[in-house]
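Note sheet for the following structure.
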Amino acid sequence: MNLKQNKQTDLKTAISTYVKPGCHLSIGGFTINRNPMAAVYEIIRQKIKGLHLYAHSNGQGVDELIGGHCIASLEIAYAGSGKFASTCIRFKKAVQEKQILVEDYSNYQMTLRFLAGAMGIPFLPTRSSLGSDIIRQWGFSSEMRKATPGLPDDKLKVMDNPFKDWCDTQKVVVVPAINPDVTLIHVQQADLRGNCRIQGLTFADVEQAKAAKHLIITCEEICEDDVLKTDSDRNQIPFIHADAVIHIPFGAYPTACYRYYDYDPRYLKDYAAMANNDKAHGDYLETFIHGLDDHQGLLELVGQERLKTIQADPETGYASNLDRR
Amino acid sequence: MDYTLKEMMTIIAAREIRNDDIVFCGTGISMLAAMAAKNINAPESVIFFETGALDSRLEELPLAVGDSRVMYKTSANGGLLDSFAAMQNPVTGRHVIGILGAAQIDKFGNLNSTVIGDYHSPEIRFSGSGGGCDVASFVPRSIIFMQHEKRKFVNRLDYLTSPGYIDGKGGRKKAGLPDGGPIMVITNLAVMRFDETTKEMYLSGVYPGITPERVLMNMEIEVDISRVKEEIPPSEKELRLLREKCDHQRLIL
Amino acid sequence: MNLKQNKQTDLKTAISTYVKPGCHLSIGGFTINRNPMAAVYEIIRQKIKGLHLYAHSNGQGVDELIGGHCIASLEIAYAGSGKFASTCIRFKKAVQEKQILVEDYSNYQMTLRFLAGAMGIPFLPTRSSLGSDIIRQWGFSSEMRKATPGLPDDKLKVMDNPFKDWCDTQKVVVVPAINPDVTLIHVQQADLRGNCRIQGLTFADVEQAKAAKHLIITCEEICEDDVLKTDSDRNQIPFIHADAVIHIPFGAYPTACYRYYDYDPRYLKDYAAMANNDKAHGDYLETFIHGLDDHQGLLELVGQERLKTIQADPETGYASNLDRR
Amino acid sequence: MDYTLKEMMTIIAAREIRNDDIVFCGTGISMLAAMAAKNINAPESVIFFETGALDSRLEELPLAVGDSRVMYKTSANGGLLDSFAAMQNPVTGRHVIGILGAAQIDKFGNLNSTVIGDYHSPEIRFSGSGGGCDVASFVPRSIIFMQHEKRKFVNRLDYLTSPGYIDGKGGRKKAGLPDGGPIMVITNLAVMRFDETTKEMYLSGVYPGITPERVLMNMEIEVDISRVKEEIPPSEKELRLLREKCDHQRLIL
């Protein structure tokens, strides 16, 4: 956070300033929607390694970071990209080949953990996962936890309801707060100070943003001064949480950005095919990420014509009748 | 009128949905079942996604619960906190019916969608819980879609991702969970339900042309087949509404 | 809750159906803004007694319900109406004369208690009030708690952080959930099914609404069918929580309703003066509440001219240059 | 240039506010002090209300923190959950300065805004904590406005509503609170601060024409007066900006 009036910067600077090797990162979005892909690709391009990633169901972004060799450990609820990859492909491979450490939670638990971080409390309770292996199986050992400063000693705990059977509840699971070193989100509109306006579902972006020590925002539109202060009921994240704001049209591409563009089914299908093969995936990294200067490079590679096909219908907010087979 | 297996499965699930249900949907066939119910037998039922979309107007079939198509003309566009809170909420949550899938299921309706093999050295890694464990923990009724294969109906799950009846009658209460659990399992061969007393799975219906023996051959677990009936195929009206209103782009069917 | 397509009704019916003598009630709004005053006056008019009221800082509504002899017990954080009554007048009198039982919390604690109720969990943690008399002094005795079905056995509890010193926190206060029998809120717009759109600050209305067993909504504008489903990012409370929707323009009067009208300084000042004297307050109840058929009666008594002075400026959302001395 | 006591008190508080502060405001003089800081010495400081309004454009003075005037051209219009979470949040909360008032204060800066007399049979009942206890619990710095009267500066509070330093050095830590506490008390006679070692209140400034002895006469508690200085009255510029920009309708001044 800072209270500066102008936090606009470029993506290379923002990533190199805040995303340090080994740091604890979270990214916004959900499966194939509003993932901060420009920022994800920039992290891969800068070859930042050893990241500890917190995710609920941030599909495509998670898989690309893993495939890009940036991730050492992962706390996650769901790694899938809808119809394009029921299990994220590079994730699956990396876990099966033990290239990354992974620890499982549920979506609600991960969201509560970000919320606890945002609220400044060490934990939140839920009844979810009682009786399940999410409680019994820890991905990170006690030893690793104790040796890693940013991790709590316990994955989660089951405790008795301190108010007897109030709310017909005898037990709860308490999940520990997360305060990521950096959260990356992509939003429809932000202003120079970092006030954010998300359109459509917010997923867990608001909690992830407020829980973070540093918040990097990429946006489709950057607004001068007071534009977003008019009708501020629509702003979900106030500027006090923001560190850097970067204007990147199509910054969520190839995932969707409601009311701006849809996901690109062809890109996601091609990605899935290439991710399935190590050689092809190596070529993918070279051609689509390392061989390009920046996100603009990717957009040029894909071409205006493709981007036109995914342009959002102003009525529905997605690309109606897009060929998604 | 000809119908496919997927259509049969979808319609069987849809028939279970009531007018005062809030339907928690995943992607694929579960979303289709919810849309079918709304268009056929439960017009006032409410479609609801873990991403925070409530009562979406689904003009096109979403390919993920995070698809922008779930955001159009909702009653509210919230986030994950809103959706799961509504399921855990003692008032609204009691109206939610969940539709889930998994890689493995045991006789008490517990689900695995995390790993095959050891958790730390898995042979196969799946997506993980997502909201599945949350839904299974919170809601009073759920429907489970499965492929009917021996390695999927197992005596012991490799990982218990989403609680069903845990170890049978009283298992949920002992674990600290609210009342609930799966009401049925719909597969490509048959329909299983759960005994009221033991909470064990039994074969309640087979599709035309499928014998109970064939069903058993495709399960590691043994289930009671004494109560089995033949399932009623989708009617012409059901099929028409399903095809025209729910998946006219043929993305799932 | 119910899922009916049309929940529109009249206020007399809604109040008599859901607000039963002795039931546990919460009301929305904050001090002198968006209190559900039409509903409050109707409760007084119907002489519903013995209510247990949950409030954070719902000033004017709380004081009128107490003055109207409807309240037996009260859990509250703050009873004040801004400049018009730094301590709510009938509240002060009732507590000093021991006509009502009162138990004190902080604003955040009350909000967390509604949130816990909305989330379906028995408690939430905070660091607020550690070391204070809010923890030590209970308004309701252990005996009363045990004898009252709707109350938890403990006011609140202090517990050690189950995750050691995670988040630099050694102890937390846990506050028990509230699930009121009925919550009353007044909003700018609602549709026939009960989707709500609040403009300006939401205070704790959203949590209070979602925590309730029954939710009664009064609104400035009632919308047909799909009006609020367009641009639904702005709807904070979905219809699944709602039981009754009543169209009552000026339903928050004499408190404010952002973008519709301001508070009426003259009414609030006159009220404060009358509330200060038992005889005058008796006359107030007779003239302004019992002697009138409904809220329309109050608006007619006050007169169009007065209402015009508090009309909101379309730019600012309040009545600019209103005489507020 | 002539000035009133209220103007003096407002300006002294305003001078304490820095450019990187998020200022938690109550009603009345505390709101005026925050507005004065923003208009005079800390233009980038952010005004913030417990009701959920952040960075309001205050064209007119709100008469309550729930006044619609706090909702105009904010950075975000949230609710109580948002505002208190931002104060308890380990990142943003450390930038918040609170401005509070009370009916009683003790030498460790603990505040009573609940009752005079016994809690169950109070002689005088006040409004209660509101967000006061929350702010006092969470934030690293707070400023307290008080009327300087013997019955208000007491040895023992009738009710501890909002924690200051509890029982002195280390008191907050022992209670489980984050670092923080009041930095000063501003009254109609003087300014008190808190000793770094003992966390006890001492007299740090008196207004022109006020003797330390007169201050002591108006307190039940004894405070060190050895460090007292005369407070600098508001400058012409401060007064002009205060009068013209902050309360031109003269609702508080």
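Order of writing sets the chain letters: A, B, C and D. Residues in each chain are counted from 1.
Keep in mind that, in the parts below, contacts are C-beta pairs under 8 Å (C-beta built on N, C-alpha and C of every residue); 3 or more make two chains touch, one makes a residue touch a chain.
Predicted model only: the values in this text are computed from it and were never measured.
Common neighbours of chain B and chain C, listed by label, are A. The chains in contact with chain A and with chain D alike are C.
Farthest chain from chain B, judged by C-alpha centroids: D. One finds 56 Å separating the Cα centroids of chain B and chain D. Spacing of chain A relative to chain C, judged by their CA centroids, is 37 angstrom.
Our note on geometry: chain A versus chain B, Cα centroid distance of 27 Å, whole angstroms. Touching of two or more other chains is recorded for residues 77-78, 88, 90, 138 of chain D. Of all residues in chain C, those that touch two or more other chains are 119-121, 126-127, 167, 169, 172, 179, 200, 233.
The touch graph of the protein chains shown belongs to none of the named shapes. Chains that are in contact with each other form these pairs: A-B, A-C, A-D, B-C, C-D. On the side of chain A, the complex with chain B involves touching residues 29-34, 56-57, 59, 76-84, 86-88, 91-92, 95-96, 98, 104-109, 111-112, 115, 126-134, 137, 139, 158, 167-172, 200-207, 256, 258, 262-263, 265, 312, 316-318, 320-321, 324-325. By the touch rule above, chain B contacts chain A in their complex via residues 27-28, 50-53, 59-60, 62-72, 77-81, 84, 88, 90, 114, 119-134, 137-138, 157, 159-163, 166, 171-172, 174-178, 249, 251.
Residue ranges on chain C touching chain B, taken from their complex, read 1-5, 118-121, 179, 193, 195, 210, 212-213, 226, 228-230, 232-233, 235-241.
Chain contact summary for the complex, chain D toward chain A: residues 19-20, 22, 44-46, 54-55, 57, 73-78, 85-93, 95, 138. Listed in rising order, the residues of chain A touching chain C in the complex are 117, 119-127, 152-154, 157, 159, 161-164, 166-167, 169, 172, 174, 176-177, 179, 198-200, 233-234.
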